[in-house]
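Right, I'll just put the structure down here and ask away after.
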Amino acid sequence: MQVGRFVHDRLLPIGTILLVIVLAWYVAAYAMNAPFQRDTDRRAGVTPTSSEFLVKTMSQPKPTMPAPHQVVENLWKNTLTVKPWSKRSLVYHAWITLSATLSGFAMGTALGVLIAIGIVHIPALDRSFLPWIIASQTIPILAIAPMIIVLLSAIGITGLLPKALISTYLSFFPVAVGMVKGLRSPDVLHLDLMRTYSANKVQTLWKLRIPASVPFFFTSMKVAIAASLIGAIVGELPTGAVAGIGSKLLAGSYYSQTIDIFAALIAGSIVAILLVTLVDLAGRFVNARMGARQP
Amino acid sequence: DKVTLQLKWVAQAQFAGYFVAKDKGFYEEAGLDVEIKPGGPDIAPEQVIAGGGADVIVDWMGGALAAREKGVGLVNIAQPYKKAGMELVCPADGPIKTEADFKGHTLGVWFYGNEYPFFAWMNKLGLSTEGGADGVTVLKQSFDVQPLIQKQADCISVMTYNEYWQLIDAGYKPEDLIVFNYSEMGNDLLEDGLYAMEDKLKDPAFAETMVKFVKASMKGWEYAIANPDEAAGIVMDNGGQDENHQKRMMGEVAKLIGEPDAKLIPEAYERTAKALLDQKIITKQPEGAWTSEITDKM
Amino acid sequence: MNPVISAQNLDLTFTTNDGPVHALSDITLDIDKGEFVSLIGPSGCGKTTLLRVIADLEQPTGGSISVNGMTPEQARIHRAYGYVFQQAALFPWRTIADNIALPLEVMGIAAAERATRVRDNMALVDLMGFENKFPWQLSGGMQQRASIARALSVQPDMLLMDEPFGALDEIVRDHLNSQLLKLWAKTQKTVVFVTHSIPEAVYLSTRIVVMSPRPGRIHSIIDCNLGADRPLDIRETPEFLAIAHQVREGLREGHSYEG
Amino acid sequence: MSAIRPNWQALAALVATLYALTALPFTATMGPALSLAVAALLAAGAILSMLRAARPIETTILAIASFGAAAMLLAGLTGAFGTANAGYFASLAAAWLLGWRLVTVLSGDGSHGDKGSSLVAIAVPALFGIWVLILWECIVRGAGVPFVLLPPPSAIGLRIAGSLPILAADFRQTVLKAVLFGYVVGSLAGFLVAILADRFRFLANGLLPIGNMVSALPMIGIAPIMVIWFGFDWQSKAAVVVVMTFFPMLVNTLAGLAASGDMERDLMRTYGAGHWQVLVKLRLQAAMPFIFNALKINSTLALIGAIVAEFFGTPIVGMGFRISTEVGRMNLDMVWAEIALAAIVGSLFYGGLALLERAVTFWHPSYRR
Amino acid sequence: MNPVISAQNLDLTFTTNDGPVHALSDITLDIDKGEFVSLIGPSGCGKTTLLRVIADLEQPTGGSISVNGMTPEQARIHRAYGYVFQQAALFPWRTIADNIALPLEVMGIAAAERATRVRDNMALVDLMGFENKFPWQLSGGMQQRASIARALSVQPDMLLMDEPFGALDEIVRDHLNSQLLKLWAKTQKTVVFVTHSIPEAVYLSTRIVVMSPRPGRIHSIIDCNLGADRPLDIRETPEFLAIAHQVREGLREGHSYEG
């Protein structure tokens, strides 16, 4: 029963969609790699048959669009055939990125919630601070990330923290925006109820506003975790591409190693999906604890 | 003594000398504890040194002089690279065969401080870089050769020791490519030199350290040029990618360095400064932007 | 004796997107300690609004009001009253027991005492066995009873109740009516009680305020001292029926149309 | 009632001023007389503002003291790059504290009656911004932060004034082409996929995990690929923006669609309403607060995305191009000019969305209080 | 004549976090076309649940039910009924007039016709002048009336009403009672009506179903044919009082405690 539902509700749909994507991907790989292959063949003076040509488009060392099996092979090689803590292992790089993402995400969520709480309770903050938070978010992080890292390393902060800080910077905003809305979403009637108890702000916050904001909270966290991941990867670039998914992307792009890029991307997205799923599960758990009606 | 060296780019054979010197213990012999920080496309070594994150940096003369005008007192203390490695390449079956064919075409150029030689050259040719039929369209090129493979640009920038070989790897044969080499055209600006802060150099102890540092570094270069395969291996150990590629790069880099004496050739400096002045990248003739004090003491 | 609630010429106008709504007009009313006052009147005449003004949930636009000799705001902050809303207003994420414990938590009452009070009041409204259910798992009447239990658990000196028994059947209602009366007699609470049931109003109250709408004002105030001890069958006595008739007449006069 | 109404900002300002008196003069070019004048003004402002005066008087006192002192401190920096001492920064902090007090007084305590005044609504964030700039200017110039690390706002302002045509061209390229297109398409796509996934369970189960995955892709990785696929002009930047804005909209719309009440849904069922009718008449309405959240988050994400995408292959125009090349040229003032432009555009965009949100979700409890 | 609603041995058990709740047990009931059946019973005995099963908002866990000879689902899709919920369930983003127009929009009724029906039904429940207000600007009773108007505007053949008049004062209630009776007599609708008021049930119904709780089942079914024409003062006649007494006795028997 459980297994059957899992197959029916998860495996089957995901499998189907994946299949469609893989097929489309192969078609795209052929279409995008073909012109270059034609040029190469022309320069080399060979005229391959169409099946030979097809195979060639799928096995270029630096294809415009790597074929799925090339990426899978690369992933396989870089995860399962090397020790997970070796520098060649994607697991190692994914772990580096994951740790920066998680710490950034934790700090960003905390900061976002704090800011939202401040904005909801302090009119001066709402008026003077919010516009500047918004403005701060429009600053392209990649432009100032190097400066931040340089500045921080000048005062002796290196390693995980600078990356985590950039993650924080990107992830607090979705949380703040969502939580401002969420904390303001309780029913007027429920707020009145708390007023009749002359509950203080902390009590109203803790017993009413925060529970009422839960749907907003988890939704924002999902967006924030994706943003943290971006932040962590951006933060890895100015450190000279030493370790992490970001460094793999960067190194791959210096040498046009598209297969490496794709493999790193996929590793990154696996990390992402893992994190988003975790948040989702946490959301479901909390929802169930809060007595939400089962669908 | 502790010395922090900020590279201009990621770890690759372009900086093999420094990695070798560290790996082979040349720095240690000189009594130095050197930390090598790799760079990347988003790292401005000038910023790092201004922020106190490094004692000495590898930089191109163009960037260094521009920073000097903005108040970062960079001084060239050594110039291991005698020649420039940058060139513009075009596929032979494309529309461009000579300088005269550039008009109306798209050229890939690196920015981030690497664009000065190109603009100096176009300036000399009298071509506008604003696009249109009488000028050239400039594409800010990513640090790879995709624009050429994708035919987004008619010519792209490469380094002799790096991207050129990526093209070869991608199936181009040398005869498939038309090459405009900045050094050969006499349009080159000085590349990878070593720069330190002016005010720190006034301290004799620091100057002394720099002498030791440059000397040990050049010993590293000498060793690297003599043992290119081993040098490539050392680079790989320090985070380089693609060993074959590093070996080839080591070979090409050796050609640019020539005699490893680290001495700056004043004519090359004058030419660089003039080109930058002509393009208004700097507004006044730089003073004291280089010194032979360090190399003289070696 | 000073009145516990004293309203002078209260006026309240809501501004809405399409013009003002005059909800209360010239309300003057004194309620003494220990009184049980019912508000009765046509739907929309301002009963809830008046109760909300007393509870400092709405600001009057004219006139003055004092509660316990303070402003309504101070009274609210001193937790002078318990309020039963017209809707149950239970928190969906709390079980019934936790919902009833909510005001006690806010007031910082110790866990053991809280548990006793929750248990007692759940028993009072006959909700034993539903402690761990969530509000949406309860019927409408059960939700309303939970909200009554929540207000009573506070043990306030003053009770403001907005149609607390509207969704209950006759038997439960009778039962709760007599329980409320007992509680009132025992603890000398002041109660302000909104209802639509004339018998209920007559049975419970010491005074009945009949209101009339548009704008909401006091039509008449009817005394109904049936004595402290009121068995349920007092409702068949002639005095009772006479007062009920009087209230019904007042209600009818205030109405815009005849039934 | 005593005649004095102490508050912590003024008290702290007083303490800071007293400390500053121990370190006269403040900078190399600021004479002891001028330094003393600053301290006197600050002390007077702090004390007078604590008197139980009417609000207009209090605000006037605070404004004169804080901005007067700030102006003198700024003037004291001419030709004194990097020479400010601790006293200078103490008086700067005091001036700033009085400015903070000013903002607090202006925005009131949130009680009834002092809402509304639109002048205050504009003045308060503006004051905050002005103080950010003053502090920035004084710290950078006073402490002698190298220009290539952080230029002072005055230099940035000059550069903005001198580069309007460049900024306009960059704005056109980045915002009007890449951002707008990508924002609209990305948000719309996220919205539509959410609607479809909500309709077809199969899609939801299959597409959502993969959608999550694709959209959480780091843009750094996709930007070069987009350049390969869509060329180096604005289309590839728009594609990056599409990918970046897709996910927040997807997630939020899905959460929003789940937000309508059970009773309301039952009501629609009793009408035998079809899926789409329930969607349009009930669930989308209830989802609006969530959808606006996504639109707001996306408005800033889109801008970041487009700018960062221009760090890779691009034509030589655009805000991201300018930022990355001018960093290489050490023209940090130009970099910050572009950043300022981005901040202004983003804030306006966001503000417009907030107004629209208020109009569309007027019924939401958050606006009824 | 086939019954419009026919339930055989209906059973419904809710599964909750702390064990199952047996809400309906062995309900067998046939309702013919044109009947007016009231459900009465203690709070929490399953009246709402039974109505929801008829309306296909809840699935029985046992037994069978047909509506108009179809499954409840088909009947719902054929828009066989109008439903008045125990709570008003108005959409906060729609004005009152738009809320009443909602089902008409869903059913694709033309704008002009919609406007007429909205106007007529707002007049019926005495809400004229509140067309452009939003739900939160209405009193509790007004919201309930709006929800009645919304259900009536559909002009369904079958009406399922869950305590529609619970929050209304006596006068309005009497008025709406007689209006409902008129409508019923004129259009031969089938009505299933939940109420807590015994007089209301007796006054309106052709049959009264008395339910008892835990688990909810039918205690007794009481016929009450007072004839088609029922002035309000029929409520003082002995037949009326006799039936009311019978209902009250049934209710009392079903109760767990005595009032």
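Order as written gives the chain letters A, B, C, D and E; numbering starts at 1 within each chain.
In the analysis below, a residue touches a chain if its C-beta (ideal position, glycine included) is under 8 Å from a C-beta of that chain, and two chains touch if they have at least 3 such contacts.
Keep in mind it's a predicted model, so treat the numbers as computed, not measured.
Listed by label, the chains that touch chain D and also chain E number zero.
The two chains most heavily joined by C-beta contacts are A-D. Chain centres here are Cα averages; for chain B and chain C they lie 84 Å apart.
Centres computed as Cα averages put chain C at a distance of 27 Å from chain E. Remark: chain A and chain E have CA centroids separated by 52 Å (rounded to whole angstrom). Those residues of chain D in touch with two or more other chains are numbered 149, 224, 228, 262, 311, 324, 327, 364, 368.
Touching of two or more other chains is recorded for residues 17, 87, 134, 136 of chain E.
Taken residue by residue, chain A touches two or more other chains at 64, 142, 146-147, 150-151, 187-188, 237, 250, 253, 291, 293, whereas all remaining positions touch fewer.
Here the chains touching each other pair up as A-B, A-C, A-D, B-D, C-E, D-E. Listing the residues of chain E that touch chain D in their complex gives 52, 55-57, 76-79, 81-83, 85, 87, 89, 91-93, 102-103, 105-107, 134, 136, 154. Note for the complex: chain C touches chain E at residues 14, 16-18, 21, 40-44, 47-49, 86-87, 126, 132-134, 137-142, 145, 162-163, 166-175, 178, 196-198, 232, 248, 251-252, 255-257, 259.
Contact residues of chain B toward chain D in the complex are 41-42, 44, 46-47, 50-51, 63, 66-67, 69-72, 108, 111-115, 129, 137-142, 144, 146-147, 150, 152, 281.
Looking at the complex, you find that chain D touches chain B at residues 146-149, 224, 227-228, 231-232, 311-316, 321, 324-325, 327-332.
Residue ranges of chain A in contact with chain C, taken from their complex: 187, 189-190, 192-199, 203, 207-208, 211, 214, 290-293.
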